[in-house]
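I have a structure here, written as structure tokens, and I will follow up with some questions on it.
To keep things simple, chains are lettered A, B and C as they appear, and every chain counts its residues starting from 1.
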């Protein structure tokens, strides 16, 4: 019950944050010359004559009204799902449909990397803390250090070189090998592919029982995930270790030992459960870094996610795409932060609600 | 029952080695309360932590000594676990033998909580903030009293009419507190889950017949399942105890060849069973289901314990978290935790120092009452002489890492021998004594010595009114003075001015 | 803590000779603290290594401004292919780190690149730190609505990933270094503000603030003379760690193509991009060395930051 109240309160706090975020994108959109702004709603390949399109766009944007009013209409457009039109070579269509297409691959990467980093980072960090100042600790810390000191795109490049030279069978580009895509009913390839029903390629391959694409896509996932995970892992390792070291010095750990509990129980239940609390608070921030990293990885590995779309957009001057990606990233992050806060409130009984 | 002999515990600091406990000897008999008193920094807590083997290494180290407890030496093997080497630049460095330390800790795991337990000064920080208070007490039972719990669960039979009578009383009794007690008793007797029984009792608008029917159904549903797991867990507990006991005996040097043979056999059997046990426990959902009956039984017993420490509404308190309780309640929980397994010795390290006076009085009353009912001995550590007077049978006075006097409590207060004890007693301001408003309050001159470079000879001599030449050069040993008293002071040895005061029969 | 001269300073002021002596003593005390920090730092091998590396890079950055533009060797077509360094397999003599497309000597280019990267990163980090400190100081000290507003804006700032925001801003305004720096700066001050604010809240509760106020010191004075010096420690740590982070973000943005660099831009991210564009599998050194330059700097700065954190922990001093 108290958790429910907390969730409600937290959701209410979401509103000012959302307003802030949308305000920023709004300001950005109004900072460009009017022609560029209007262009974000133009479909360059449409049969409708340009002049007419421009007029529609101007009306949609309420450019003649005072700024605050424009903002309100802007919010309305966002909520209606009309985020503009993108005309890049990568994709041609409404921004929202582009997002639907590009979001899943990014999520695939982000989720895979987060899982891997967490499932490796927490046990390794625990071991590192328990065996503090011994060889395994030093080795782990060095590995972590290299992890978060390396430029992500550089690591990605190195992995590509490594794969080409030593493991030639490992794919280094894209989500699937292009040759095998044809002839699937559930998959449409129009430059960027669109899979049914969930738009998550790997998931859809599994759901459609398509083993070949499933394994192929999985293989393509390996290198980008490794690149993304390595940096993330370093940060998590360091945080877990320091959290554990702090927790180990607490009084209640002494009590736990004095009860004669087995070592594994003391480490897991008493030390680690408390150590992970501060880590949880930072996960939101870490995820922001992850999203930044995703952009780089997608660029190097030609992974058609939102990051790649953003980089293409910046080179092709597509304002609609840029604003769209900024907004979607921000919203995603806000969501993740919300979930993290709720998880934390669930884990820590001391949180007053 | 417990005999500390020549305990030396030291700490390596950047500035040098501190001997916090320097040759400490004392005994504790069955069922007695021994008070350990002294100023801050005199080594009382360190002594207690050494008994529990809770000294943090680094920077601490048990340099030498023996602690005999029921025929085994708890410090057996500790000399090689951490040694001091000359490090870089000539500074002493502590070198740990991690595997030896780990094994020793594993051995101690069968002693701590079970035979010897401890409560600490700050109950708020001594309790894990993210686990419920009840669970933290149950933990001791789950891990230390597994055999007993499994036996009880395996012996569970169908519910009897007697049980049902008890149930009826639990529902109908007019007094709420008594109903609580009856509920706990009923659950213990019938081995039924507490929450569910409480739900049946609290459900309004039901006839007694209906309630009884529900209880019968509950009893049916709660039949012991997975008996194989309970038997496995039980056997593991027995084997581990057997193995550890034999190992202790071997290490303490009191073992026969029979012991050693049994030890190896037990160890082998334990290891093989443990593989299976660990395998089962690693399956995520299954291990929860299997442990559930054990946890429930532990929970029932915890409620009983909470009653013993005078916590009303144990059901509510069980699920609460440490920060939701008052300081007094927290300390009661700690006491319940310490006494859950009926240990032979409970060590209390200044349990009331951080509490306000009224709460302190409550806790002391509780401890006094518990004394009557339990068989445990208590080692009560404090700097408050008033508490000692109320609670203890015998007292040991510590100064600068050594015991300077030991006596039955009445004798100590009536007739202190050691000059330090004299000074302590004199400095107590009480309503009886005459204190003039001009004269300064009596204190012991000087300050507590720096343990890095303690005074030569008798450590108390710089502050002692009666010091003479010998005190500066030699260290007095703790010698018996008759009537169960001991003192470490040259005044009572040959040539000392009070040598003649020894009681007859010394 | 630096509380001792509080009431005296307030009453005497700078005009009097004794007031100036007081000030000088205060400065000396501060210098002693810093030299103690330095000595403790140098005792730890890793932290000392970090410090060394950082200083090395600063040295390179300064020296690089005196380097001639010899790095663009020739635009001769044949040598436009990357050449390995002289010690690598079958290398060309004369170049220490090899060359990269389009005919640039990698060694010189890296040195110049370090200068640029360090310069811009420092601006962002130091600027963010200063802005953040000021904001955090005032917010923590004054409290109330200002504080609330600050917290909300940090929430918003935390919701936006740097890379994407920088892309958006720069697109909208113009794609050059200044805008890049500006957009990073806008997102960089919140962590400092939060850090300083929590420190201020902790320090505010101390007695000496009360004492200073009782002696009649103005808010400004209290904030700057008494509270600020005590909040500096974690800021130093964060600054050194952030230098590593920002330089990476910077290089990443350039790599993506944020700032047009089709020709030749002596910047580490750009250099890696040139390597990327010209079949890195055959010429691995083209991306290896610029990347290593980044990695070593980040490692050095991280070691320094960690060392500072350990050393400035008040429990470990003296």
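Remarks
What we mean here is this: a contact is a pair of C-beta atoms (placed from the backbone, for glycine too) under 8 Å apart; a residue touches a chain by one contact, two chains touch by 3 or more.
Owing to the predicted nature of the structure, the values given are computational and were not obtained by experimental measurement.
By the document's definition of touch, chain A and chain B have no common neighbour.
Among the inter-chain contacts, the highest number of C-beta pairs connects A-C. In whole angstrom, the spacing between the mean C-alpha positions of chain B and chain C is 52. With each centre defined as the average position of its C-alpha atoms, the distance from chain A to chain C rounds to 26 Å.
Annotation for chain B: no residues touch two or more other chains. Of all residues in chain A, those touching chain C in their complex are 16-17, 20-21, 24-25, 28-29, 31-32, 145-146, 148-154, 157-158, 160-161, 164-165, 284-285, 288-289, 291-292, 295-296, 299-300, 310-311, 314-315, 317, 319, 322-323, 325-326, 329-330, 333-334, 337.
On the side of chain C, the complex with chain A involves touching residues 152-153, 155-156, 158-165, 167-173, 175, 244, 248-249, 251-252, 255-258, 269, 272, 275-276, 280-281, 284, 287-288, 291, 294-295, 298-299, 302-303.
Note for the complex: chain A touches chain B at residues 134, 250-252, 254-263, 265, 269-270, 273-274, 277, 347-350.
Contacts from chain B toward chain A in the complex involve residues 52, 54, 98, 102, 105-106, 108-114, 117-118, 120, 122, 125-131, 139-140, 143-144, 321, 323, 334, 337.
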